[in-house]
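Before we start, here is the structure in question, set down as C-alpha cells.
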Amino acid sequence: MTENTPKAARASKKLELAEAVSRYLPDEVESLAIGGMHMHNNPMALIREAVRQKKRIKRLITSPAACINADLLIGAGLVEEIVTSYVGFEHLGLAPAFRRFAQEGKLKVYEIDELTLILGLKAASNGQPFAALSPVLAFSDVSKFSPEFYRPITNPFNGQPAFACPPIKPQIAFIAVQQGDEFGNGILKGAPFIDREMLFAAETVLLQVEQLAPSEQITRNPLQVTVPGMKVSAVVEARFGCHPTSCHRVYHYDEEHLKLYLQMAATNEGFEEYLQKYIIGYSEEEYLKRTQSRTL
Amino acid sequence: MQIRLETIGRPRKGYSILELMACVLSRTLKDGTTVGTGAGSAVARAACRLAQLTHAPNLNYLAGGSGAVNPLLDPLVDSSCDYTNYICESVVTMSDVIGSIPSGTTDLFFCGGLQIDRYGNVNLSVIGDYNKPRLRGPGSAALPLMAGARHFIIFMTDHSPRSFVEKVDFRTAPGFLEGGESWRLAKAQGLIGGEGPLLVISPLAVLDFEEESKTMRLLSVHPGKTVEEVVAATGFSLMVPEHVPETIPPSPEELQFLRSFDTDGILS
Amino acid sequence: MTENTPKAARASKKLELAEAVSRYLPDEVESLAIGGMHMHNNPMALIREAVRQKKRIKRLITSPAACINADLLIGAGLVEEIVTSYVGFEHLGLAPAFRRFAQEGKLKVYEIDELTLILGLKAASNGQPFAALSPVLAFSDVSKFSPEFYRPITNPFNGQPAFACPPIKPQIAFIAVQQGDEFGNGILKGAPFIDREMLFAAETVLLQVEQLAPSEQITRNPLQVTVPGMKVSAVVEARFGCHPTSCHRVYHYDEEHLKLYLQMAATNEGFEEYLQKYIIGYSEEEYLKRTQSRTL
Amino acid sequence: MQIRLETIGRPRKGYSILELMACVLSRTLKDGTTVGTGAGSAVARAACRLAQLTHAPNLNYLAGGSGAVNPLLDPLVDSSCDYTNYICESVVTMSDVIGSIPSGTTDLFFCGGLQIDRYGNVNLSVIGDYNKPRLRGPGSAALPLMAGARHFIIFMTDHSPRSFVEKVDFRTAPGFLEGGESWRLAKAQGLIGGEGPLLVISPLAVLDFEEESKTMRLLSVHPGKTVEEVVAATGFSLMVPEHVPETIPPSPEELQFLRSFDTDGILS
C-alpha cells in the first residue's frame, strides 16, 4: 500500500481536556450521557472537568448502573433531572449526593428499568419512533412515576396493553476507553457495558482515552475497534482518567478513595470540602497526586 | 488497591450467615437452567458457582451487567461488573442479559430490595413520597421486569419490621401483587409471563408463598434463630406452619467448595 | 483453581451432523433461521443435511442478505414461505431457485427491509411486544406487500403514523462459527453479521463449528466468545462446512463452485442433477471430495 | 479460490466504464461526511476510498453489512462482506450500519436497482406482479429506508428502456415519489427525514433531479456517448438542458490512486 498514501492529512480530533469540554459543552447542556457501569470505566476526567467548568446539565442520562460519575455532578449542584435505573455504590453503599438531592426535592428523578433505558437509546440510534415495551411493566410503579418513559399504547397484534418509550438521544456523551487513536477509534478492552449504545445514540461524543497510540497500532485488529472514530467529536488522553473507578484491564477501582468520597459526600459541607481538596483549581495530574497521597 | 490483607489467614471455623445463605440458595438451583444475578450479588454468584461445582454442572449463570457467563470466581469479588468476573466462559451484552428477563429465556433471577411485603412485592426505589422521599434508594435496576421473569428469588440483607413491611412504599419489582386473587386475574389476562417470586431468603429465615393466597410463609429458620424472632422481625402477619424446620447448615463439602473460590473472604 | 473441580461432569452437546438435524428438527419445521451473509459464513453443512433429511420448512427466515443457504432449501422444494430482505449472489448474479419458485408462485415471499428484520429478531430476544418502525417505510411498497410485518400504528408522542413489526422468533436457528467447544461456546472470528441476533431470538440453536477445540482453549479469552453455550442445543463439527461460501479467516468462498451452482440451478432439472451429484446420498466428506474434484 | 490470474499484467491503457463511474462518484463525496455502501458495491467502495486518498481525507465509509469502517481495499474485492474488507479501521454491527439510515447519522448512501423511474423511485424487488413476478429480483435490502436517509445516490449498471422506466413496478426505495408536489406534501407532513436522491449514475450518463418538478435531468454524458443515445435509452421523457457537458474523464492521478488498490482489476 506504499503507493496508496492520501494526498491530504486527516484532521486530528485530539484536544486537551479543558479545551474539549469548553468547546463541545454549552454552559447549559440539554442532555449528557455518561458511560461506564458501577465503579468501572466511568469517564471521570471528563466529568471532573465539567465540574470545574460548572457546566449545567438539564438532563443527566446514565448507564443502567451509575456510581460516582452521576453522584459527583449531582453533588456539585449541576444536574436538574436524571434518567437512570440505578445510582449507587454497589457493595459500598448508597449514593450520597444523589440521595440527598432527591430527598430534598432538588433533583427530579426519572427512574426507569434497565431494558427501557437501553431500548430508548437504541430507538434513537436506529431512527425508531419509539421503543415498544412489555406490558409486564404495568405492574411496577416505575411506569406510574416516570410516565414520560412509559406511555400506554395498544399492541396492534393482540389488542393487549403495552408501553412506548421515546427515543433517548443525548446531546453529548462522555465515554471512556482503554486505548484509542487521535481520530477517535477506540478499543474497549474490557466490558463494553452500554457505552456503544450511548455513543451511537448521542449527537456529540467526547472520548476519554486511557492510552493514546498511533492509529496503525490501534487499528491493527479492527474487529476489536468497536468505537468508530466517525462517531467521536473529540479525543482526550487521560491517564488514570477513570479514577477512582476501575479501568478494566488497566487498574482496579480505588476502594479506599471511594469510601473516603462516600464519607465526605454524606453532607453538603463535606462534599464541598471534597471538591476543594481534590478537584476545583487542580489539574488532573494534581488530582491524581492529591488522591494518591494519603497524608494530605 | 482493594487488597484485603486482614482476611488472609482468617480462621475458618463454623460459617458466616452469608455462607449459609449461599448454600441454601445453591441448593434451590436446578441443573441445566440459566440463572441471572444482579448488582452487588456476591452471594448469588457464589450460590450459582457452588451449584455448578456440586449438583448442577450444566447450570449457566450471568454476572449482572458485566454480561459475563459462568465466571469461575477466581476469586469471588464484590462488584458484579468487576473485571475478575471476565475470567469466565463467554461474554454477552448487557441488553442480552436484561432482555432475557421479559423474553423468559433466563429461568431464574435473583433480586434484592430495601423493603418487601407479604405478597413478595419488592422496593428498591424510595421510602416515603416518590418526589421527596425519606430515603432515596438506588433505583429499579431490572426489578420492574420481574413480572416477566420465569422465576425469581428475593435476597434480603436485613430482616426487621422496617424491611419486611405490610405494604411497600414503592413497588419496584412486582411480586404476587395484592395476593392470590389479583395475581390470578393478571395471569388470566395474559399480562404476566412469569411465575412470581419463588423464595425469599433473609439473615433469619427462608420463606416462600402459600399457593392459594400467595402470602409469605415461613419455610425454615436459620440455626440459632427461633420462629418467634422471625415473627417479631416481620412487619406483617407471617404464615407460620405448625412445624418449622431448621435451615440445613452448610455441609463441610459445601463450605470447602465455597471457600475454594471465596479466597478473599467476601462472604465471611 | 485445582481444588475447585466440579463433582459431576458437564454434558457434552456435541452430536454427529445427521443426528443433530434429525433430533432437533421436526419433519415440519415451523420456522428456521439461517445465519451468514451473502457468500460468507453460511451454515451449509447443516443446510445440506436438512436437504438430505427432507425437512420441510414452513417459514424460512434469513439474515439481511441470503445466498445459497436459502436458495438450496428453496430449490429442494422444502420451503413454503420466506422472510427476507435479499436473496442473491451479489456480484455473481440472481438467486436461481428463489427466482424460479417465486416467479412460478410456488414460494410466498415476505420481503422486508433489513432494519425491520433485525428489529423483529431483537423484539423476540428482548421480550418486546413488537418493534416500532419509522414512518418513512410507508413510502416503500414493502409495507404494502408484506403488511404482516408493517402493521400501521400511531406514534403516541406526536400522533404521526408509524409501523409495528411482530417479534420474529425462529423455532430453530442454524449458525456457523469458526471455533467452538462441545458445550456450545463459539467464537465468531470474522464478521458476526446478525448471527448473534438470530441465536438469541431462536428457541433452539444448532451450532456448526469449523474447528472444535477443548473448552479451556476456546474460553481462554472469554471476551471473544460471543456465542454463549447456554443458547446452543447441539454442536456439530464440520470442516469446510460453510463451503461453497467463505468461512471468514479460514477459507475464501469457492467462486468456481458457486458459478457452477448458478448454472445448474437455473432449471429444475439442473438443480435436481446438482442435488444428485453432490448432496443426496453423500456424506459431507464425500460432498467435499466431489466438489473439489474438477473431473467428475 | 477466486484468484484472477487473467487480470495480472493486463494492459492499463485508457479506463473502463466502472473506473469512470468510480471517479465521478468520488468527486461528489464531501470531506468530513459519512457514507454507506451496500451489496455488490465495489464501485461505491472504490469511490469512497478514492475520495479519501484525494480530496476527502476525513470522509468515513461503511462497507455494507460487513460493518467494516474505512476498509483500505487491500485490495478491492467484489463482495461487500468479504473478509478482505476487515482490513479497515473499526468494525460496527450490521444494526449500527442500517440504523444510521433512518436516524440520519449517515450522510449519504449508495443504492442500486433493477428499475428507476423519472422521479428516482428505485425497484430492486420484482418486475410484474408481486406474487407471481416476471422477474423476481433479490429484494429490498436497506432501500425502503432511503426516505429517511439524508441523501442517496443511485447506481445503475444498465441504462435502457427496460431499466429507466416511466413507473417502477415496485417502489423499493422511494425517490421523489410522484414528483415535486407529492414530495413537498410528504416533507411538510414531517414523514420524510431525508432530502431524496442526489444523483443517478449509469454506464451512459450522470443525472440529477430538477428542483421544482423533481423529474430526472441529464447532467453530463460519458465520453463517447451522445445526448441522443441517452434519450433513446431512457424509457421516459428525460429533462435535457440546452447544453449538456461531457462527463469529466478520470484524471491520471485518479486512475493511479484507483489502480493502487484495485490490483485485481475488479473495475477493469
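Read from first to last, the chains carry the letters A, B, C and D; within each, the first residue is number 1.
As a working rule, a residue touches a chain if its C-beta (ideal position, glycine included) is under 8 Å from a C-beta of that chain, and two chains touch if they have at least 3 such contacts.
Remember, predicted model here, so these are calculated numbers, not experimental data.
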Checklist outcome for this item: Between A-D and A-B, more C-beta pairs in contact link A-B
Next on the checklist: Rounded to a whole Å, what is the gap between the Cα centroids of subunit A and subunit C?
Outcome noted: 37
Checklist entry - How many angstrom between the C-alpha centroids of subunit D and subunit B? => result 56
Checklist entry - CA centre of subunit A versus CA centre of subunit B: separation in Å? => result 28
Checklist outcome for this item: subunit A residues touching 2+ other chains are 115, 119, 122, 126-128, 134-135, 160, 190, 223
Checklist entry - Mind pulling the subunit D residues that touch 2 or more other chains? => result 86, 91, 95, 98-99, 101-102, 145, 148, 193
Next on the checklist: Thinking of each chain as a vertex joined to the chains it touches, would you call that graph a line, ring, star, complete, or other?
Outcome noted: other
Checklist outcome for this item: Pairs of chains in contact here are A-B, A-C, A-D, B-C, C-D
Next on the checklist: If we count contacts the way the header does, which residues on subunit B are in touch with subunit A in the complex?
Outcome noted: 1-2, 39-40, 42, 65-68, 78-83, 86, 91, 93-95, 98-99, 101-102, 125-126, 130-148, 170-174, 177, 186, 189-194
Checklist outcome for this item: Within the complex, subunit A is touched by subunit D residues 34, 52-55, 57-58, 60, 68-69, 72, 74, 86-92, 95-96, 98-105, 145, 148, 193, 256-257, 260-261
Item to check | Touching residues on subunit C, where the partner in the complex is subunit A | outcome: 115, 119, 122-123, 126-135, 151-153, 155-158, 160, 162, 164, 166, 190, 223
Item to check | Residue ranges of subunit C touching subunit D (in the complex, touch as defined) | outcome: 37-40, 63-65, 84-88, 90-91, 94-95, 98-99, 102-105, 108-109, 111-115, 118-119, 122, 134-143, 145, 160-161, 190-194, 197, 246, 248-249, 251-256
Item to check | subunit D contact footprint on subunit A (complex, rising order) | outcome: 1, 3-11, 122, 124-128, 183, 185, 200, 215, 219, 222-223, 225-231
